[in-house]
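Have a look at the structure that comes next, please.
Order as written gives the chain letters A, B, C and D; numbering starts at 1 within each chain.
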Amino acid sequence: MVMPEEFHELARAVNNWGRWGPADERGTLNLLTPEAVRAGAALARHGRLFPLALPLSANGPQTGMVPGRLNPLRTMLSVNEPLTGDPADVSFSDDIVVMGLQAATHWDALAHATYAGRLYNGFPASTVTAAGAARCGADKIGAVAGRGVLLDVARVRGVDRLPGGHAITADDLDAAADLAGTTVAPGDILLVRTGHIQLLHAGDRTGYTYPSPGMSLGTVRWLRARDVAAVAIDTLTFEVFPCERPDLLLPVHLLHLVEMGLLQGQNFDLEALAADCGADGEYTFLLTATPEPFTGALGAPVAPTAVK
Amino acid sequence: MVMPEEFHELARAVNNWGRWGPADERGTLNLLTPEAVRAGAALARHGRLFPLALPLSANGPQTGMVPGRLNPLRTMLSVNEPLTGDPADVSFSDDIVVMGLQAATHWDALAHATYAGRLYNGFPASTVTAAGAARCGADKIGAVAGRGVLLDVARVRGVDRLPGGHAITADDLDAAADLAGTTVAPGDILLVRTGHIQLLHAGDRTGYTYPSPGMSLGTVRWLRARDVAAVAIDTLTFEVFPCERPDLLLPVHLLHLVEMGLLQGQNFDLEALAADCGADGEYTFLLTATPEPFTGALGAPVAPTAVK
Amino acid sequence: MVMPEEFHELARAVNNWGRWGPADERGTLNLLTPEAVRAGAALARHGRLFPLALPLSANGPQTGMVPGRLNPLRTMLSVNEPLTGDPADVSFSDDIVVMGLQAATHWDALAHATYAGRLYNGFPASTVTAAGAARCGADKIGAVAGRGVLLDVARVRGVDRLPGGHAITADDLDAAADLAGTTVAPGDILLVRTGHIQLLHAGDRTGYTYPSPGMSLGTVRWLRARDVAAVAIDTLTFEVFPCERPDLLLPVHLLHLVEMGLLQGQNFDLEALAADCGADGEYTFLLTATPEPFTGALGAPVAPTAVK
Amino acid sequence: MVMPEEFHELARAVNNWGRWGPADERGTLNLLTPEAVRAGAALARHGRLFPLALPLSANGPQTGMVPGRLNPLRTMLSVNEPLTGDPADVSFSDDIVVMGLQAATHWDALAHATYAGRLYNGFPASTVTAAGAARCGADKIGAVAGRGVLLDVARVRGVDRLPGGHAITADDLDAAADLAGTTVAPGDILLVRTGHIQLLHAGDRTGYTYPSPGMSLGTVRWLRARDVAAVAIDTLTFEVFPCERPDLLLPVHLLHLVEMGLLQGQNFDLEALAADCGADGEYTFLLTATPEPFTGALGAPVAPTAVK
């Protein structure tokens, strides 16, 4: 498939290779400076906590569309097993899980996507092997915390949830930033709300999967211009799906992960947080979202927490 | 096995059943009030981040002592799989994991331990089944963030790491709080450092497992009196192991999880944080430690983040 | 749910508890006497082999109807990993699998089903725990080999495959035995062909699941009267599904597994064998079908082999 | 590592590439002709069955030497779960397993080993990917049944078990064939007994792993000259371990799997069968050993059954 020249132009415009040195594996997380973290911490004023991860269970969002990306299947190793053999005594229960690392709320590792034989910062795609990602794996993400900004696109569009297939534009983001009463700044962590996750809560996994609203090609320069550290969304596919053009498959993944080295997150449940922001008009907060540091992983579960 | 009367006395003294209502499943996390969270947030002044989770890989701390508690085994679903079939095009890599939920850095769910047929708040042990914990599972923990206090017992004892078998006393905790220049307050989240995890970093998994320094019976009243919200440590067994008395197996687990409903965490890697605290003399900080919300789980991985 | 008296009558009529002693865990496999095995071996005259197991892959028959019964998901531990580090040298590839033990071609363990608190031979249902089946698990099955008889019900009914919902009757079995030109004898292993597995081969997993032809209540006495050692079929549910009566859920499972201790197998692919039997008119053969001896398992994969 | 010329000579001498056509993926299993199968079936005269697979449980032979090759870990999906919600009613128990495909009794797929960029029949090593073996995977093995010959090397050596490190020679095999009173013929399936598995039965997993008796370079021509269809043994490593020469790592694997396309099996438990053969002097029998047909797998569990 020949990608259109306009994609390559955009790729060059937003590219961050070499910006943080030839060995860099963290991309835009370099923008999470102490100042950016402090700016976030200063917003934790009320002591209210909002956990943003989906429950992890066999009822998760996966439908089999990505083969093998199992919803978490948790089984018991032991149930009230008494250490002495006497059930009246001290007893323990223990469990294991098997799951796709991108099954539920997660950050993509930068190595998750490649094209033309390259991943972020020019590392060869061949650094991803059966052993995992030697470069830009989830273990390279490290601690994530900073100023979170809720961009409630559904609300500024006047709907509970954006319709499936809605391609979020730069204008949508501008309008949502206006609603938030803030200017998006370098090192910010954006949480883009579509409301689409309501379908999942209602049990409609298929509708949640497809068609989905999401980020469009038109937002990539916008994000790059503002130098955000990370972007997360309340959908499965992150970008609008089906894709905007038949000759460009999941192009936002390529531009974010490969060209920009921009951390992107999926299946963030923003409903309770958005209700709170709508109520008090404060759309910025401290966000901490350090992923589980799976060595060499292509993505990693995260239990993000907004602190207002 | 008949437990000594002195255990039962202690159990009664620290018991929290009913304190937050008969339906409560969160125990001491009720002490994480907005005030407690704000007190923590106010300590995030420098913008420095410390991730406290161990890397998740097959080289984790498990040795087989707890049968089936697998170190994380991550395998690939796909390696640079091109969506169009052409490897020059957009390609993705994806992976799954199988692991014990308590294999590495984790919080115990309150339902993890039972005795005399009961778990925290008097719920019957029979609420734990092959389907998991219907009561007091890891999914009930919710968001965790507040004032973190590093109690560096190794440092106050003048050693790099406490010897295996060292039973941490209330005096140890007092001395460490003095070093921290703080008074432990309701809703605090304590991070107790033994330095024992250095053995794991050095590749000595067996030594890390046994013998281990850890919390003793003598600290339980101390923690209850101060009404801490949670306690985590840098060892595998949490409490001193081998146990203090042959007639009491893992009694601290029972007192914390069953009687107090106290969240306890294991395998927190405190080395880098402790070095920083030693250097600047600031032992308090914002700690966020929301676990992965596995439904019905008996424990859950967490990627704790200290923000100074 | 109150089961009808007519079920209990049938249960009493076919019950085998105590027949092979109070400690017996193998049920009708006791009928696989040396004579029965020899009768089977004598039929291996042409040297033609028919493997009867479905391929084991993520494209297996499971649709999620039984939660957690995963189709086999096989992933790589290593791909051409050179022992010396030099890819020109001796290199190995290795893999793991996670799967439901009853995901594909399998025998049910007798402990798979219980009712009224009992499993086969009166063992209490409570012998099945989070640790598995202490009694009548798949590890108790042992070696299985004997005279196989193909009962091609589809062929005697003059169809390629029986329609979904067809309840196989005793008359069907008689007609199929007539076609086979044999009298079903004690210790025989019956392979009942419906042709339903053609739906699976055609990619219709949902149709394969439901509705399904299968064994009816009317065949249970027939099997008991002939003292067969085991029965396998080419469907997912074994018995007709939906069930014959709304007040009896999967009654054939109860009668076979609990009352008779009759080994029953599912998802046996009989298509190639049936074509051969139709061609040469020989419907009897040596069948070997020793399951994988999973300790305490509730079912076990088997790779049955017919030798004509 | 440069392999010695003498290895290459041997490789050329035993090579079977092209012998069964350029597309062949079954190697010596082509020698399992109808005649060979019939010769086996004729030996099933007494109706005695010997299952040769190890129990599949977490107590299996794996020690972690091959990273990730997990012993079978079986956990419960449900325990006596009543379909109607009433525990007196029909209830089911179900389970899953995660395991290394070569964890216990198994056949190696021919694709398991490669060198110099090639696997059996000259297929490129690159046909093994994260998706598994496109060529010569375990799913290509198909049905395995034929004349089994027990070569009881321990018995002819006058010991209960061969010492660790004993390299089985061609003379050993000749002596064992003499004891068996048979001439090894094309299409035979050899079961070579060392007795080493007694260590595993005694709980000594480490001793079972290393040092191990096993096949030596000196037996490869012997096997090729007799055109056996398959060889299995009662050890973990198949060939003698540590290896005979420091400059040749696991050379028998390369000669068998890559050069000859010879099916080889490990961890076959031959103790009960050997006792029976010793008692009645009959060392030949029908052996059926069809593996579980995992698509693209590098090895596959098998529950072999000897019928005497």
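Methods note: a contact is a pair of C-beta atoms (placed from the backbone, for glycine too) under 8 Å apart; a residue touches a chain by one contact, two chains touch by 3 or more.
On a predicted model such as this, the values are computed, not experimentally measured, just so you know.
Between B-C and B-D, more C-beta contact pairs join the chains of B-D.
Two copies of one sequence, chain A and chain D, touch each other mainly through matching residues, since over half of the numbers at the interface are common to both. If you lay the C-alpha trace of chain C over that of chain D, the rotation comes to 180 degrees, to the nearest 5. Inter-chain centre distance (chain C to chain D, centres taken as mean C-alpha positions): 26 Å. Per-chain CA centroids place chain B at a distance of 46 Å from chain C. Taking the mean of the C-alpha atoms as each chain's centre, chain B and chain D sit 45 Å apart. Multi-chain contact residues, meaning those touching two or more other chains, occur in chain B at positions 67-68, 70, 73, 75-79, 96, 98, 129-130. Chain A contributes residues 58, 67-68, 70, 73, 75-79, 81, 98, 129-131 to its touches with chain C in the complex. Per the touch definition, chain D reaches chain C in the complex via residues 1, 3, 32-38, 41, 44-51, 53-57, 66-70, 72, 74-80, 83-84, 86-102, 111-117, 125-126, 128-130, 132-133, 139, 142-145, 249-251, 253-254, 286, 288, 290-299, 301-305, 307.
Contact residues of chain A toward chain D in the complex are 73, 75-77, 96, 98, 130.
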